[in-house]
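Got a structure here, written out as structure tokens. Questions coming.
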């Protein structure tokens, strides 16, 4: 549990002990014949965090670490196997009840691929209007049209673009459309799952700037997912680091980059190419992420961890509070890991 | 010389008593022999019997003198015992020939070469029924456990289905059903010298598809085909080294109309049967342009008729055969008179694989009926679907063809005119029912006085014609295509007897 | 002056379309010295891959080299017969593609593919080729190479496969390796490993590298020189360090500014307005002019060619004087 | 209007114009479809009205006066005295009607099942796809024969004529739905994981709405291609069934029935009874096939 | 893989049961066999007796279960038409159909794959386009018409090849083959072409489009970049990958070849099971029809099974699950 967040702001999202397990077993007959047991993939393993109103929490981690799975659970696209999600104090249950439909208005999502996230057969205006229509935010079609125009202008396009089809836009423009759609139901909370990873850097800068501007204007709360640490650093107030479905460290953004605690966090930081040409000594990450179906016992990171000892191999680490946040590492807990020598 | 012979269908079985069916008999005729055999003009001639006569003093008994010195293919001698055995076998439940023998009470061997048949009453035309009744060897049948024709529910094939041991001019060499049957001349045939017997080997291949059959003849792969499609007659006749032989067939094609029911199921007239009105039936008869059907549909290969029996049949007369010229105006007037000036709608059922151009005839009829306001909806289907409709009395207007194996009108009356009872009228789809007529029909069976009998027959025909129970169309004509060096008349029953075939 | 290993002169690549030919690469020229690593960066669609494909002679029809020349060690290779070009591919120029998951034929073992490649170019027996193949796999860091060589591609992870691909590209000891975004499809933590392997192997075999990527960070760490492409043209080319730290072309500096970094705390990223023009409506003059904050009249009319500035070249009218100066010097 | 001008400006139309084969195929198809549509206006005769036929016109040579009636028929007449030209026009109607209806039936059935299977997944998917497998086990003509047999058995004889066409449609359609189902299912499996579907789910759209409004329109490309090719197949299948005697009734012949009738006259010299319907069928099936072929290539983004 | 086979077998059994059921429910509608069994002189009593004997008066489920029970013991009943055990008839006829189907399939596959590869490699060539267009003629005419036209040209007009039948056959064990005689070989040419033409076109077009797709993949591009010869790329790499999807369709097509043999056999009077089936329909020979349908299904199921197993041979990714574990 994350008890450290005794801040003043009330949390908008409270996630407690969230897990998601996928049954990836082979069909029954195969299991019988090949004498195998059922197989489960713990995509998200007992994750807890909070997001305060108006803040940006970022999740980083390698591919397959469970970032998207968490995002999907947060917006109700996936049912958690265990754990609870409270949205502004209200539990999220995936159904089509009145209450849930009300709740749906308050969160939205921006997806990774600007190409796949817009229905190619729909006009842009219809795409943007859909949440309004379905969620009943607005009924009058003239008003809807006006609002669509406003939204398009808000994200830096022109109202006339509503009459076009998505394929007439560039990737960056499409992502703007996707943002406009996400904003059309006036949400408080927006989950952004790698919103810029498919874009070029110059366009990425535009989108990131836009998102920050919108946050300021509309008081949005973001869950921002990315595997790009530099982007995360630019966007986030706080950062959670995921490894094999588990949170290994949550810390304040600035602090995390200054003094990463968990060896995995350090490793990720080390892997970032040094654009500044500071001559920073990089330590290459060893090995690859293990198969999530049979994760290593104990601390799942131990096979790649330069500091691993016997305890790491056998015992699952608990949260340790540190100066900057919380971390789950025996090494940190025991204080046997040298302070990060981040040359800045 | 080898003769390669093809026709549309194969024989169903070599067991001579289990199927009463044309192609089956046609093959059996080469291998087995009846007491009395039809010749190439369908006239009965002596075969295994040399003489037959009603027993003096007892009109209920026929006496047959058997041919002596005949041997089966297997070498066994042919005797009266075999005849008795064969007749008893053919009378069994599982035999398909038994209906032809219902009148026979007993068959007994008087001596080795004389057989007596006792009938229920006098049966003047009994010999006519025996031309497809083949004689098997008793010993062979017993040895091979085929003393009875195959039952349908037997799990096994009986020996006689694919093996044969007859006295005929040809012996079975090999047989693959539906594919190829090879026959070889019987070296010990009694008829040597009596028949040409020029064919020494017969290769018989059924070819179902008409175009393929004609193609096989045209390309010289076969020497003789039956069932030449009428449209291909010219092509075959003009083909290199080919010719076409024809002969009137013992089969009349006609339409049946349900005049007996109160109301029809297949029409659009509520509560009434338009066919019940004889004027409607007459109008329909007048609407049919038989000459056009002959000219176009049959390509001249038919003999239009006004009666439902072919000329070979006892009872046929030229007056009966005369048919009205198509007269639409008169027909319309009659319809008007009957109160159906605006016509009505009815379903016409038709087979499409049984008679020559059956479907096309029906189509033509639909057009002709249309001209007098009767909208006939044609349902053409395979015979397996068509015939049950007739015998099940489920159709009101249908096409049927009828052959008369006994060459006597009684046969026709029994099946088509007599009202439907347990043993008669099973094919009377007209539902025509007249006690007087029924009584007359029943009297025919035992009437010994031929003149009187013929008189009754004529009377019945008069009723049939006056009432217009059926709408006769034509008698079929048979066409056989063959190599021009073959001298072989076409047999009215469509049964080639290859022992008569000559090459020039 | 020694002949450069590779020399690209005024390369123009066109696609015929219904609206007339599209010029996707327009007058690209650069040299590459032996042993040098040249980074090519630019936004998607800038023409990086096309340039790479053109060099190795694998432009997909209907794309074709409309004009320009490519020399390999002074020998012209852009107009060779198909068969001669084939002999160069793999043997003298190797190539690594972006997606290791799809670069290998799934139906053949790694050994099959390696041996086939080796024996196509080198006169070796099956046995020798296999030995060499195992050696190559060892070199690219595949553990237990002699055992894993008989595995199929799907039995390897993404990073491992990309190592195999590198081994395949290097199988016949080419003089030049073109790597087209070799790490984009891989995980962050693996990317660095692959770049290291690539660089190390190439250095070892003495091969020059053209490293195509859109990741400035990778270039910064790997390349000796970098070419920045924009709209099918080279905007700026020169030593990496200089360009990163002191970009001359407004596009390059905008690009550098738009990359968030770990080091500095910036509130807003530098943002170049708009997007790269579509091929069908590249503006006259400098293609960057509509987005450029330093644009002036000439930019809108005349197309700048590469102007040597200090020890790099920049295609920007701002440096016209510099050329004059340079010429004067 | 906008749609039309959009289409005229589209790549598809451009490629179409540039492909002489496609243009020719389109023209042939269009001419055939239109003449079928307006058959009653074009045809000199109504061959489906037997009362209006004169049997004596039978076997008239093309373009020559009939020896009995003196009437002249451009393409000759058949064994029933029907004008071959008119019969072809009307037969074309039947063939096209059967073809189109069967394809639409197969398309709707297949698409709906494929959509459901692909979207729902799990057990529903398994069941639907197993049924599809079984269907594939049964070759098309057998399916058609079976259905024909059953339908014949359960419909009262008097309605058979009217039902015959519908039975044909059902039979051909049922033997053809699997490919639609497979393609749509495949496309659905791809589409349902696309993020625009997630976006729709997120706002609480019902599965039905997602399937119909979002996914279905995106599977139409391949469906269209299959539909075109199926159309040609359906027309041929109808002809084949006619040969087996279970096709359109002879009083209302389709092209296939005409060919079946005509093939009987192949050796006898009345070539026109076979030739013209066969050529029409060939032209129709060939041009539809060519169109389908072209469409497949044109809509395949990878083939560009 | 074992699990896979087991599942397929269960599925197959299910399929067969379904086929049996469907077939059986159909039989009630194709006509009344009794009518054909008894001649026109039969009486109502005869009809009843035979119906009873044949079990036609039993309730439908009873008939079905009886049929299944017997079928399991290899007893498929006795043909009404021929009065012989159906299994024997089928065994006698099957070689003809199998030989025809085999030759047709061979023809379809060899020419289909060959021309498909050719048209894919020469994608825009004139000859390739010509082949593509003309091949459509093969699928734009009904099979029976093609057959009849072939007969007309090659048998009647030219007299080169026989118009019907199998020619001379030789018996080897229980199998009668037409491959060993000249007339047998000649006889199979036209029917095999008629039957295989459609499938050939399909396979050819499929191979072409798959091949074009494969030729566009990254691994082919990479193979080019490695300097492999065109030959090695087209035939070594592209073709093998093309085969994976082609095999499925080919399998299905071979199944429909057997089914479509009905028409070809009718046209060419080819003494196989298809012809038998058509005759059986006309005669409402229920046991033969049932056996035929079951036979077809068994063939289909078998072919599909073989096709699926072929996948395992060709595509290492499928058998992978088992062997790759541990890496």
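Lettered A, B, C, D and E in written order, each chain numbered from 1.
What we mean here is this: contacts are C-beta pairs under 8 Å (C-beta built on N, C-alpha and C of every residue); 3 or more make two chains touch, one makes a residue touch a chain.
Everything quoted here is computed from the prediction, not taken from an experiment.
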Minimum number of chain-to-chain touching steps separating chain B from chain C: 2
Graph distance between chain A and chain D, where chains that touch are linked: 1
Approximate Å spacing (C-alpha centroids) for the pair chain B, chain E: 39
Centroid distance [mean C-alpha coordinates] between chain C and chain A, Å: 32
Between chain E and chain A, distance of the C-alpha-averaged centres to the nearest whole Å: 55
Between chain B and chain D, centroid-to-centroid distance (C-alpha), Å: 44
Chain A, residues touching no fewer than two other chains: none
Per-residue overlap in chain D, given as positions that touch at least 2 other chains: 152, 263, 266-267
Touching residues on chain B, where the partner in the complex is chain E: 12-13, 15, 18-21, 93, 96, 99-100, 150-158, 161-162, 176-180, 205-209, 211-213, 215-216, 218-221, 353, 382-385, 387-388, 391, 415, 422-423, 426-427
Sites on chain E touched by chain A in the complex: 2-4, 6-7, 321-322
Footprint of chain C on chain E - complex, ascending: 217-230, 232, 236-237, 240-241, 244, 314-317, 320, 323-324, 327
Residues on chain D engaged by chain E in the complex (per definition of touch): 21, 130, 133-134, 136-142, 145-146, 149-150, 152-154, 232-233, 236, 239-240, 243-244, 256, 259-260, 263, 266-267, 278, 281-282, 284-286, 289-290, 293, 296, 302-303
Interface residues, chain B side, partner chain D - complex: 210-211, 214-215, 218, 229, 231-232, 234-235, 265-266, 289, 292-293, 295-297, 347, 349, 352-353, 357, 359-360, 363-364, 366-371, 375-382, 385, 389, 394-395
